[in-house]
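Below, chain A partners chain B and then partners chain C, in two separate complexes.
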Partner chain A sequence: MILQQYKIVFVGSMGAGKTEAIKSLSEIPVLATEAFNTDSKAHNKIQTTVGIDYGEITLDDGAKIGLYGTPGQARFDFIWPLICKGALGVIILIDHNNEAPLEELESYLNTFKSYNKNISIGITHIDENTNHSTTIYREWIIKNKYAYPLFLIDAREKEHILLMIESLVANLEVNFKAMS
Partner chain B sequence: MQSNILKDLSDSMSGHCINIAISGISSKISDELKIELRKIIPNHFDIDWINIASQNIDLLLIHEKFFETQGIQQLIKQKKILFLKVSNEHRSVSSILENNVLFPPFQYSETLKKWIQSHLLNYLPNQEYQGEQLGLTASKNETINLISLSKTLRLENVQLHLFDHHGTLAIIDTYRKLAWIEPTRLHTKTNYSLNYEYAKEIELTNIYQKYETDLQDWLWNLFWYSSELHCLDLAENEYYKIDYWPQPNQKVDQKMILQLSACFIQGAQLSQVMRQLKLPIETVQKFISACIISNNGKIISATESRYKYNDVPIATEQQGFLNKFFGKMRSRFGL
Partner chain C sequence: MFNLPQIDQRTASKELVQIAKIQANDILTSIRGVDYVMLCSTDGFELASVHKKDDYNSAKLAAVSSSILAMVGAFLNEFQLSGCQNITFDAENGKAILTSIPAPHHPMVMVTLSSKDVLLGQLLYSLKQASTAIVKADTP
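The block that comes next holds the complex of A and B.
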């Protein structure tokens, strides 16, 4: 596995759109390790990621930013600290269709905030489940007094993923300027 | 009350807007026509969707079955109104046939576009700049309306009809925190004529023909992107904390909005944020005003602020490197 100096990490539940998000940004074909999904209870997608998705972008000076997508299943939790160490930020993607999206979000957040403080949350597949209100996420943020950005997005839309990355950059900039 | 306000505004705006009346046409077809006409008519012309009884009709869209009725014939002859008859009969390609009858579907109709250009637009003066000038005349009433609107939006269970001089903007429900936006005004702006009333039964039953979206985000974006709306009166030394990051629905200003959010999510003083981000105080006030209107956050005391502000930043090598790095990232991502 290539570990770049600069990294952005995508994590989240199965089918939330991590691979699509990386594909929308990467300038190289995404190294995706997909396999047939045998856990149809968790999600009905045909294939799912069983390793690390990897994409990258190159800055003007040749520096590369690695885009890493980590599997959502807990059995891969040994990889998470390795990838998150020194990352510019972590993007958590949650599928609004999940049975208990808030519990899942809470679980990811509790795990990943110990690896990286700069976190942005994206709620995906919002058009596919009109029975559940999306207002629950804002209410949850307010109730817990969290300062993380949370956006309703389509992971296939490059502009939406860029919005999330911009929020990570804005957070770094503002907090770095304030401390310097 | 609303109709009087709209009439007054409509009268005062008649030199700047194209006034279109639609009559005898189902609301579904009417909405489709409104969307197509908004796409066809250049943005520097505002469109007022007015009642057939209104004065100064520039274009009348009338169902072909009602065209021959005495009332319509009298209206057209007396006021010499430009008209277009609309049929229900679907054709494979949209077209305007003889005697000014338009057949659905209306989407991407080159024929309709040409007709509007040759029959309507060619006879109107170029009013591109008049609308902009008008926007500068915001009155004190605007602020009163905004404060009153903001208070009403904090009520837990009300349904409101939001409108301005162009007509309906949205129906909103404060309990479900949803807005149903008028299909012709999805990427809308408004101005000093923004107003509201409690929604009527008929308006609530028609919401399913409209586009449903999150109320607070929609309100925030409406306020931020409506450059003609003035800020609420906020002192520079006030501290404000937002409850969550607003989600911009346009690329314009995205960087600035997210930087402001990153500051105010921690609770910050307006003047400190202005200095750190090197923004005019009006921009910071506008951001907070949009948050107040959309019920996001509150004024806090200085002791509640967690924002660390360094009045005299020291230029370090690390700072220089990071600034350069952020610049390169923004340039690469087009942020």
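The block that comes next holds the complex of A and C.
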């Protein structure tokens, strides 16, 4: 058991389901910092996260993980490095409905890999957009020779998010064993 | 912190922003030591600002202010305290005050920067008056 500290950060595009993912997993009432969304061009949802969301989950081995959500909009980028400090890993969620989901993914990845190397990627809302094939993400990962775990998920499904967290923990353990 | 508006028009109208800007300008001109007053939406967009000093990145200030107010609101909720009205930051060389404006359709944040020796009671009273006037203007 290598884990004693316990922080995973959810990042990604507006409306991708970061708050929803934390709500689906958390054992405690989620501390949410949502405000009325006036930017209906960016996304039509009524509320948007402007601060930090916080929830908690206890893994099977007893490790308690803090689940931190960030605002997705670039104007809140001041908060990103602060939240990522000391995190076990970062989960990037991308809304498949975005006009240019690959560009979004690339942008978030380029930003967050400088804060944390342990990254897992989740593509959400895959049932709402049949114009883009979901194979574009796998092809993009292969083309760029990345080794990040990639999941097509429903952010409301606890098992989907748990799988992503387990991928981060497994990656940490592999790296730990490789070093020791 | 706020009741959610159920309206099509999400951004504040020009008329409402103008009323809010007049309130901000009243504070800037009537209270000695106030250097800068900005209004922004609760999701971090600048709506209007008036100032004597303008050394600030308003867009960034709007995002940070909305974020802080939301986080402090969440913090207070943990103690069953609701409706955070304002937050005062007392720095060595000045003060910053974030005021919540719980307008029913277009909730806002007013950001006020002042010198260290501003009369705080007078400023807080004026901010409360301004907030009430903006809320009233946004109430059908």
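Quick notes on this structure:
In this section, the second predicted complex is superposed on the first by the 168 of 180 C-alpha atoms of A that agree within 3 Å, B and C clash if a C-alpha of one lies under 4 Å from a C-alpha of the other, contacts with A are read in each partner's own complex, and residues count from 1 in each chain.
Keep in mind that, in the parts below, a contact is a pair of C-beta atoms (placed from the backbone, for glycine too) under 8 Å apart; a residue touches a chain by one contact, two chains touch by 3 or more.
Model, not experiment: these values are computed from the prediction.
Upon superposition of the two complexes on chain A, no clash is found between chain B and chain C, which fit side by side.
With both complexes placed on chain A, chain A has more residues touched by B than by the other of chain B and chain C. Of the two partner chains, chain C is the only one touched by A:I52; chain B is not.
In the superposition on chain A, A:N110 contacts neither chain B nor chain C.
Look at A:N175: by the touch rule set out above, it reaches chain B but stays clear of chain C. Geometry note, superposition on chain A: angle between chain B and chain C about the Cα centre of chain A is 150 degrees, to the nearest 10.
Touch criterion met: A:Q73 reaches chain C, while chain B stays clear of it.
In the superposition on chain A, contact of A:L31 is made with chain C only, not with chain B.
Superposition on the common chain places the nearest Cα atoms of chain B and chain C 25 Å from each other. Those residues of chain A that touch chain C in the complex are listed here as 31-40, 46-48, 50-52, 71, 73, 75-76, 78-79.
By the touch criterion stated above, chain C contacts chain A in their complex at residues 1-2, 4-5, 10-12, 41-45, 59-60, 62-64, 66-68, 70-71, 73-74, 77-78, 106-107. Residues of chain A touching chain B in their complex: 25, 57-61, 63, 65, 133-135, 138, 141-142, 147, 149-152, 159, 162-163, 165-167, 169-180. The residues of chain B lying in touch with chain A in their complex are 176-177, 214, 216, 243-245, 247-248, 251, 254-255, 258-259, 261-263, 265-266, 276-277, 307-310, 313-314, 316, 318-319, 322, 325-326, 328-335.
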